[in-house]
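After this come two complexes, each holding chain A, first together with chain B and then together with chain C.
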Partner chain A sequence: MLDLIEFGIFIVLLIVGFFAGTIVEKRHYASIRQRERQYADVLAFSVRFPPDRVTPQRAFLVHGTVVISSDYFKTFVAGLRNLFGGRVRTYETLMERARREALLRLKHDARRQGAKLVICVRFETTTISTGYAASIEVFAYGTALIPDRESAIAFGARSGVAA
Partner chain B sequence: MKFENRAPAEGINSSPENPLIELGWLLAGSLGVIVALVIVTSLAAQWIAPRIPYRYEAKLAATLPPFATAPDNEAGRQVQAELQELADRLAARLDMPDGMVVRIGYRDDRTVNAFATIGGQAVFFRGLLAKLDNENALAMVMAHELAHLKFRHASAALGRGVAVGVILSVVSAELARNAAAGVLSQASMATLLSFNRDQEREADEAALRALHAEYGHVGGAIDLFDVLARLPGEQRESKIASVEFLRTHPLTANRIEAIKQWAVENGAPIDGPRRPLPPAIAALRKAAAS
Partner chain C sequence: MLVSNLELVPGRRIVSHFGIVQGSTVRAKHVGKDIFAGLKNIVGGELKGYTELMQEARHEAVERMIAEAQSMGANAILNVRFATTSIAAGAAEILAYGSAVQLDGN
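On to the complex of A and B.
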């Protein structure tokens, strides 16, 4: 009897995990796509040096971080997948959402400080917890650049180079 | 060089495939593997366990509380003594394993059952004894249980249970994060501690040989299954969690047919003079009737 209750709870968790997880994921993707269009004017690249190396720039660190959790269904399927190997499809969407969200938050940070260009963008991932509460943190950081006309003039005046 | 950001491509880093399909395949695959593993292990353990010398089984049984006990009263002890006497007589005809000391227990309980278990022990319930009307029928049950002991069926069942238990605990450790593992292991454990039909048939045949040798006919076996066939369904269910006499047995009607066939093939008469039950056991029947 107790086993049956345990099994029932497990099935309910699985079903709840599946439906709640699917809805949350759909909404998240919709929000990500909408904001990606919204932040299209903030450019982010992985290059180490500014595309424009002539204009002096104000540079500062911007970052975006997100913690995102798996659901019961995803974790269960991933657990079974561990037995056989292969692509853990249920986690692929999780990671993709986390990376895109982190990048969006980085762009948000950049725009908030007036920058439209971020270079040297890097991603870091941390596992917050494993097991049935598996969640991950994705951290995106980069160097935001703002063309600095004023200091360019000052720099030019001092060194004798025309701005 | 012109730098620009484009919208991230969809469907490259994640698959649009329905995760339920993946779940279906994975579940079917893992269940299949576990079932195959359990079957192979259980067959192997069942084969090996009775081939381990009996003294190890005796050692193991000595660490457990004894099954073959009697109620703490004079009448109960008398019934046990009579059962033990019959068992000793039949055991002499069954060629028991080296070193096995058969001990018969008696329980004052209305369950219609008897069972054999590890360490050369068999237990009879008052409910069954009170249904029998001659020694020959009782001897059939006794010889059947002794045959289970002789063929070490309890040992096989235990070996299978332990081996499968080990496999499932390993599997569930492997599935560590899967609540399903616990469910799987419990479902499989439920069916473990019983004898299968082949073992029952083997025990029946050995019992018939012993019966034939002891009484010169196998009428007791027919009497026994007549009694069992008349039992209402719920009485065939046993309360005892261990090895059961009735539930796993081949259908009673089939068994009567099998006895007759065996008798024809082996030239054993199916009828002959019956011996009365020993007095203390006979008293149980009278007490039940009044």
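On to the complex of A and C.
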């Protein structure tokens, strides 16, 4: 009898996880797509050096972070996958959502401070917890560059180039 | 204090190097937040409490790194990197490190 109740709870959690998880994921993807269009003017690159190394520019660190959790259904499916190997699609979408979200937050941070270019973008992923409470953190950081108007003009005058 | 993960700052010259500076903090999870996170693990989605926790921890690590650089008389930290290590279940160390330098100009 007790086993039956336990099995019942497991099935209910699985169903709740599946439906709620699907809704949460769909909403998140919709929000990500919408904000990606919104932040399309903020450019982010992973290159190590700025395109223009000579003209003075204001540089500062910007970052974005998100901790995201898997749902009960995803974790169960991933557990099954562990038996046979192969692609774990349910976790692939989880990681993708986290990366895109972290990058969006980095872009938000950059725009908030008036920058439209971020270079040297790096990602860092941390496992917060495993097992049936699987959650991961993605942290994106980079350097935002803002052309420094005053020093650019001064530099132009110094080197004889029209600013 | 200029903090950047670039190796150079456009238009600025590095006058002197002070060596590596670092800042770190060890954080543990909050029981209340953990219960909420446990519920969230059924339906999935962002764990906002943990996002804030990590943000605060990184901010503190960076502040400590800046304090060390200031005590050396540096005006910039370049090539900044971050690292996270879980020490035990529920506790993590967040480390920020970089090179303290003196840049010309202001």
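Just so we're on the same page, the second predicted complex is superposed on the first by the 150 of 163 C-alpha atoms of A that agree within 3 Å, B and C clash if a C-alpha of one lies under 4 Å from a C-alpha of the other, contacts with A are read in each partner's own complex, and residues count from 1 in each chain.
Assume a contact is a pair of C-beta atoms (placed from the backbone, for glycine too) under 8 Å apart; a residue touches a chain by one contact, two chains touch by 3 or more.
Remember, it's a predicted structure, so these values are computed and weren't measured experimentally.
Superposition note: with chain A as the common reference, chain B and chain C can be accommodated side by side. In the overlay built on the shared chain, the residue A:F84 is in contact with chain B alone; chain C does not reach it. By the document's definition of touching, of the two partners only chain B reaches A:E96; chain C does not. Applying the stated contact rule after C-alpha superposition, one finds that A:K74 touches each of chain B and chain C. Once the two complexes are overlaid on the shared chain, A:F10 sits against chain B while remaining clear of chain C.
A count of residues in chain A touched by chain B and by chain C gives the higher number to C. Look at A:P56: by the touch rule set out above, it reaches chain C but stays clear of chain B.
Of the two partner chains, chain C is the only one touched by A:T65; chain B is not.
Think of it this way: put the two complexes on top of each other by chain A, and the tightest Cα contact between chain B and chain C is 13 Å.
When the two complexes are superposed on chain A, the residues of chain A that touch both chain B and chain C are 13, 74-75, 132.
By the touch criterion given at the top, residues 13, 16-17, 20-21, 24-25, 28, 48-50, 52-57, 59-61, 63, 65-72, 74-75, 94, 101, 119-120, 122, 124, 126-129, 132-135, 137, 139, 141-143, 145, 148, 151, 155 of chain A touch chain C in their complex. Touching chain A in their complex are the following residues of chain C: 2-12, 37-38, 40-48, 50-51, 53-55, 58, 62, 80-84, 86, 89-90, 92. Residues 1, 3-5, 7-8, 13-15, 17, 19-20, 22-23, 26-27, 29-30, 33, 174-180, 182-183, 186-187 of chain B are the ones that touch chain A when the two sit in their complex.
On the side of chain A, the complex with chain B involves touching residues 3, 6-7, 10, 13, 18, 33, 36-37, 40, 42-45, 51, 73-77, 79-81, 83-84, 87, 89-90, 92-93, 95-96, 100, 130-132.
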